[in-house]
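Look for chain A in each of the two complexes below; its partner is chain B in the first and chain C in the second.
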Partner chain A sequence: MIYIQYVPEVDYRKDAGYNATEFSMYLRNYITKRANAATSGLTSKNYNRFLLEVYFSVHPELRTDFEENYYNWFHDTAGFFVKGFWSVITLGKTDKQYYYYNSLHDALKSVRFVEGGITYTPVTGVLDYTPLIGHTSQFLLISGLISTLLFVYFIFIWIWSAWDAYATSIRYAATKVRVTDKEWFLNVYAHGFEYIMILPALFVITFISIMPIVFGFLIAFTNFSGFDTDTGRFVWVGFQNFARIFSFGEGIPFAETFWKVLMWTVIWAIASTTTVFFGGMFQAVVISSERVPFKKFWRTLLILPWAVPALISQMAFSIIFSEHGVVNEILQGIGVYDVLNNWGMLGVEYSESAMTAWQKFIWLGQENIQWFNNPQNEWFVRIVLIVVNIWLGAPYFMALMTSIMTSIDKTLYEAADIDGATPNQKFKFITFPLIMYSTAPILVMTFSGNFNNFGVIYFITQGGVGTGDISRAYAGDTDILISWMYTLTVTKRVYNMASVFSILIFLLVGSIAAWNFSQTRAFKED
Partner chain B sequence: MSKSKHMLKGIASAILPGLGQAFNKQFIKAVVFFGFFALLIGIELGTSRYFTDYDSYIKMEQDQNSGVGEMFTDSFAKNFYLLYQNQVFLDEIDPIEAFDEFYAIESLDADGFTIRDLVDFTANDIVAHSTPRYFLLVDDLIVSGTTGRTSDTGEIDEVNDLIIGEDDAAIAAKDFREVVTGMTVYVVGGHEYYTLTSETEDTLFINVDDPDDIIDEVDDDQSYYRTGTFYYHPATDKVYIECTSADSVLSSGVYRYTNITDSTDFIDATDEANDALVASLKKLKSKARRSSTPTV
Partner chain C sequence: MFGLFVGIFFFLVLLFTHSAITADVFERKGYAKINGALVGLLPVYGLLKANSLPDRKQVLKGAYRNIYSAKEIGMKLITFFQLCLAVFFVLFPIVYLIGASFTNIDSLPTTLIPPANLASLQNYIDLFDGTDFLYWYKNTLIIAVLNMILGVVFITGAGYVFARFKFKGKKAGLMGILVMQVFPSFMGLIAMFTLFQTFNLLGKSTYLTILYVGGSIPGNIWLIKGYLSQIPKDLDESAMLDGASKWQIFFKIILPLAVPILSFVAVGQFMAPWMDYMLPRLLLDIQIDPEIPVSRQWTLAVGLFSMISNPRNSSYTTFAAGALIVAVPITILYMVFQRYLIEGITAGATKG
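Right, the complex of A and B next:
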């Protein structure tokens, strides 16, 4: 025997739909007739409401839920400040809700019909469901922070008022002299002039600077991650996100990836800083040598890469070193490929099992050298990046050191000459220590800069192989923390983890910078 | 002067900024402090709805995205009943007994026959005519456009229908199996098999006639698509499911009709000898078939 299963709705969603009845057809036609009357003013919105009301009567539990949760006293009735506190504390209570009443359409949707020779046209624009936006935590948190910060100002004035009443009363009791209002205002103006001047700026900074920073910081303590929470609700989760950095083997591998990326970031920051620093020093020493002619020409030529906007040169490198780019064409043309083929660095099919560690280490690609998108040999790509960065960063240090070297007192060298010092000794005991003395703080700041050198990583490799792959927590081979965060926030919307990483970067780089400043003389004398 | 007097002035300003200053006879200062306090309260009240009625329904009506407007009024319900009564009186329509009974009770309420009563009756009426159940396919379907005894009226066949929630024991005893539709199937040993990816990501093939018959490999020389369209053959009282196969990238044609209870029994649609048989098949249409699957 063959049966048909007839179920009007499954989980409040339309399955087969409810049947039309004699009464439902009479009613829907009655409403359609009313809508056809020119003066009725009855629109599809009223019709949707009618369907929704019937749907609520079919499911009284949905009506109860709607009445209790869609309207929230704090969200909808309370004023700016009360709503703000509630927002920051709860981040919203009501989820998005869709009421699917298209299961009623067979029974109740307005249709064309003829009665008494008159054709009635159906009400158009009848919906399948009513979407109701719940609370959007993102907006609630921002507006909540704004109102809370504003409230802090009012609280300050409030406390001031109480303290002032108390202090004035004591002073009057002691001196028996009543300070007039005018005197008091003049006094405030005279004593608090700098605060009065700074107040407007502080007020503006509170909302354009402090509020966003606090917002970004607080995100780390929520589950604000993914497209649903972007337009919907997220909640406070405490230090869970920080714990994820240490919880290996659970869910998306943020823990494994974080330590890998952090290690590469530190290596990158150290390697790129030292290469750029000593590369610049080398150029400066060479150019300043007395035996080099056309000094100005060389200096101009070497400073050029620094003068060109970094973005342009980074993009250019990305193109030049692409798999079918100019560099590979030339190398192939002059026969370097043949040599590499002989050495087994090229032309070999990569195999995880059959190759030795050395073979894997020197593997550059199969058909072409994969400078920036080598899927197997990530360290090759990383080394290329560090080398490319020399070209971009060294000119700055060259310019800096050239100027430092010209300012070194010539008498030092003359004295050294008299003592019979060799050029090496002069460099080792005069030039190098003096350069280091002036540039050491800049060296530390360059380290911090390279730690967050988004441009070189992102515009040259876009994060490298594996970017956006969930099994490696969206981080590519060459991603450093800052470019990983870019992928996490802009394309993957994992805001909470990105915020955790930004806090860690802040702590790391901030403490290095703070230590650096504390070592400088300018800071000590302040 | 006692120390508590100073404290009291401080507390006065803590309760209402400016009050302590007023006690100190510094009235302009009092006004300034009170001004800030008034601004605080003003912002709070000005951005609130403390003094207006607001609830879920008003909020929904004001929400531009909801697509929902105001509900009909109670007079709408009363006018509806008047027209209904009038039409019944003029014999333009038949009276609806259940509605008359309902009205007789509800109209005696303190609030009379309201729009909410009308909505509730409509909901109950629709639900009462849409009992979730299993009904016989051939009995209840619309055969070739001619209405048989159809489910569309919600009428229950007391003899054959199995009502979910009432006849659960009988339904369980039937041990229903869903007819496989909307799947690519492969033929092995005359039976059709459809594919399923298991939790361990292995591809499995399951016999459409016997869900316990699972194999992990097929020779996929012969594969085609089981559509969701059913055909009834009156002479043999069999129901067939239409199967299509791609003729080219752009078009597909009917490949065969498979008996839905036994996939080894089929009509080869590509064989011209079967043309007469194919022509005698009657296409089944059913409201319920839209998403509910026939169950053997």
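Right, the complex of A and C next:
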């Protein structure tokens, strides 16, 4: 029953030809009349498989031929684990073939059947739209990984049972007391309690977290990219993709774009973290000032942006700052546009040759300020983005720091007062060091968070000008690595390069995070 | 309109400055500062009242001059100018969103507060009649509830073991979990798509829960471990001496003590799916049944973004209505629990 195992679709040679027999004619008539894919519930898969099965029964010699040419022991017969290992190692052997190789289809298409004055045309639609898939590497890889990971579990169980049998036999030899089943289970429970409790979570993590990461890691070493590999086969290519980020001037400019995007990502992460941190600190200092009554009132109002779901506020910003949006209307209404026009920041037609560098630098748009879709002045857009991010990020730090400030021991300030310290000195030598001490780990976390801050970039600018443009390797002006990877993965299907970048982000952020974590008490204690 | 607005703004700055000065005078005279600040909200009257109060304590001669010095008043003006400005910027998008949601126009509203003659509930009606908002809400709610229940169930035992026991492979496990968290969430995206395709789950929103639960376990193990590590181990040991089994210790001692952190985890699990975009966008935006429009399979984040992402086919005001319906409960929840949320994160960061 090889043709049944040969899933997902059948595959047949062009030159095998189709010889009509009486039986196959009847069958075809039946199918023509009854088997309309939409009404009978036939799927292309079982339709093909059924036809092939019938056809092989009629022509046993073709079956042998089929088995010899298209049969792959690992793919079609081998068990779960062996097939899994084979899949991961080879990623499949048989390429995808299209329907016109299928002689059954050719034969069916030309035959009409007349009964009772009505002509029936065969339903070949099912076949028409069915590419005859060979081995699909991505499915093979994923099922291969599943079986490999399961295999690891089994290996552990196997080693443990061997060890347990050995230990039991030793004990029996020494004491001559037979362990009953109940005792054995109680013993295992008592000694393996920790592992039993972890097991469910571990199992879920293995297949939901570890497996996808391994998959993502592995495809960085393949040529998995584009529609063909999506539905067909891809192969291992070693470190070729990693080399591409250093090979300038070849094909799609991944190398140039990568370094540009990386630079902007680092600038973005540093700038957004520091602005948010010091913005929050400034606001906290203002609120905590003795001059301000109703501290709670101000704090509650100013913390609102933290409580509003970021996704919603990010989308709101993309509306507010759109070219014909409310901000531009207000600025126009109160006459800011006139000032900008005078300064040459607005109302001037952009020209690459006639403008000085300074004029280009301050160019905000021709008719309206193009906050996020400025095609010429990418740094303006980026600075706006950093400023908008203060709205999103600073309130959290403000709240954090006000609560730290109120918890600082008051006697410290009293002692400073007696020594005649000025408010600035008190801030510099008491408040600031204490704030830094308790927020430093969070600062590092915020940095790595901003490094991967998909939301701000994607929901506000959707990558900015030039997203999806092949001449710039699909990266827009404001794309940071993570949003660029999103475009690469979801819309452009350049999976392998996206994975390469994932690995690089991991190495970069991971080393920062590891350093940060090694400083915490939790790590030192355990 | 603009002039009126600026007028109100500076009036507020002056009012708060006045209130702060009144509060200072109250304090100098030995009264509660907050009362002074409240009285000071009445312009002019507050300050007169404050100055007419009898002294409750010995007041130094130069004390008032200090309050009324140009530098002090100037600093107060600057302070409240800054605060009012910050509040203006904070409220701007929120007020705009609320205003936009209650208009009857379909295009982009271009005033902060729309004129009264445009006010209507049309957008809310459109949201429920014209879009699949209720489907998105239902899908998201199902995922959120399942994610909360399953997330807590899977995490509790593992968190307990990692916090209270020493065993072979513990440190390796904890390190492994940390390493996994550093990988960009993107890395698994392709694999999850393939996985869903393999098991024929694409477009079925409920199954997204599996991914959320699996993805949340590593972070939550650390969170629970950090919290439980603060509970003294003597408790377990004395119970053990009294003959309690590990299971009994877990249920009778640890679980009741872990209720705060478990509720924190539960709330976190519940909130996560509402605002996640990447996974549902990738896994749910796939037609599985020709009879059912694909948009019915979406979650809220995907649905809301679809309303504004296509410039030709956007309805910004309907989006505003939907965004408000989603954001208001979440915002209230965050505001109510802000102390726990903010300080909880600090505790997690410094103590592990």
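Basically, the second predicted complex is superposed on the first by the 376 of 526 C-alpha atoms of A that agree within 3 Å, B and C clash if a C-alpha of one lies under 4 Å from a C-alpha of the other, contacts with A are read in each partner's own complex, and residues count from 1 in each chain.
Please note the rule applied: contacts are C-beta pairs under 8 Å (C-beta built on N, C-alpha and C of every residue); 3 or more make two chains touch, one makes a residue touch a chain.
Predicted model, so just to flag it, every value in this text is computed and none were measured.
In the superposition on chain A, A:F81 makes contact with chain B only, while chain C stays out of contact range. With both structures placed on the common chain, the touch criterion links A:I334 to chain C but leaves chain B unconnected.
Contacts of A:F193 after superposition: chain C is touched, whereas chain B is not reached.
By the touch criterion stated above, A:S322 is placed in contact with chain C alone, chain B being left untouched. Legend: residue contacts after superposition of the two complexes on their common chain; A:G226 is shown touching neither chain B nor chain C.
Looking at the shared chain after the overlay, A:I157 reaches chain B, while chain C stays out of its contact range. Legend: residue contacts after superposition of the two complexes on their common chain; A:I170 is shown touching chain B, with no touch to chain C. By the touch criterion given at the top, residues 1, 5-7, 9-14, 17-21, 23-29, 33, 36-37, 39-40, 43-50, 54-57, 59-61, 63, 65-72, 76, 80, 83-84, 93-94, 96, 98-99, 116, 118-138, 140-141, 151-154, 162, 164, 174, 176, 239, 260-261, 286-296 of chain B touch chain A in their complex. On the side of chain A, the complex with chain C involves touching residues 138-139, 141-143, 193-195, 197-198, 200-202, 204-205, 207-213, 215-217, 219, 283, 286-287, 289, 291-294, 298, 300-313, 315-320, 322, 324-326, 329-330, 333-334, 391, 395-396, 399-400, 403-404, 438-439, 441-442, 445, 448, 452, 454-455, 458-459, 462, 482, 485-486, 489-490, 495, 498-499, 502-503, 505-506, 509-510, 513-514, 517, 520-523, 525-526. Residues of chain A that touch chain B in their complex: 1-8, 14-24, 26-27, 30-31, 34, 43-46, 48-50, 52-55, 57-58, 66-71, 76-83, 104, 106-108, 125, 127, 130-133, 151, 154, 157-166, 168-170, 172-173, 178-182, 184-185. Residues 2, 19-20, 23-24, 33-34, 36-37, 40, 75-76, 79-80, 82-83, 86-87, 89-94, 96-97, 100, 108-112, 154-155, 157-158, 160-162, 165, 167, 170-171, 173-174, 177-180, 182-192, 194-195, 197-198, 210-211, 213-215, 217-218, 221, 226, 229, 246, 274-275, 277-278, 281-282, 301, 304-305, 308-309, 316, 319-320, 323, 326-327, 330-332, 334-335, 338-339, 342-343, 345-346, 349-352 of chain C are the ones that touch chain A when the two sit in their complex.
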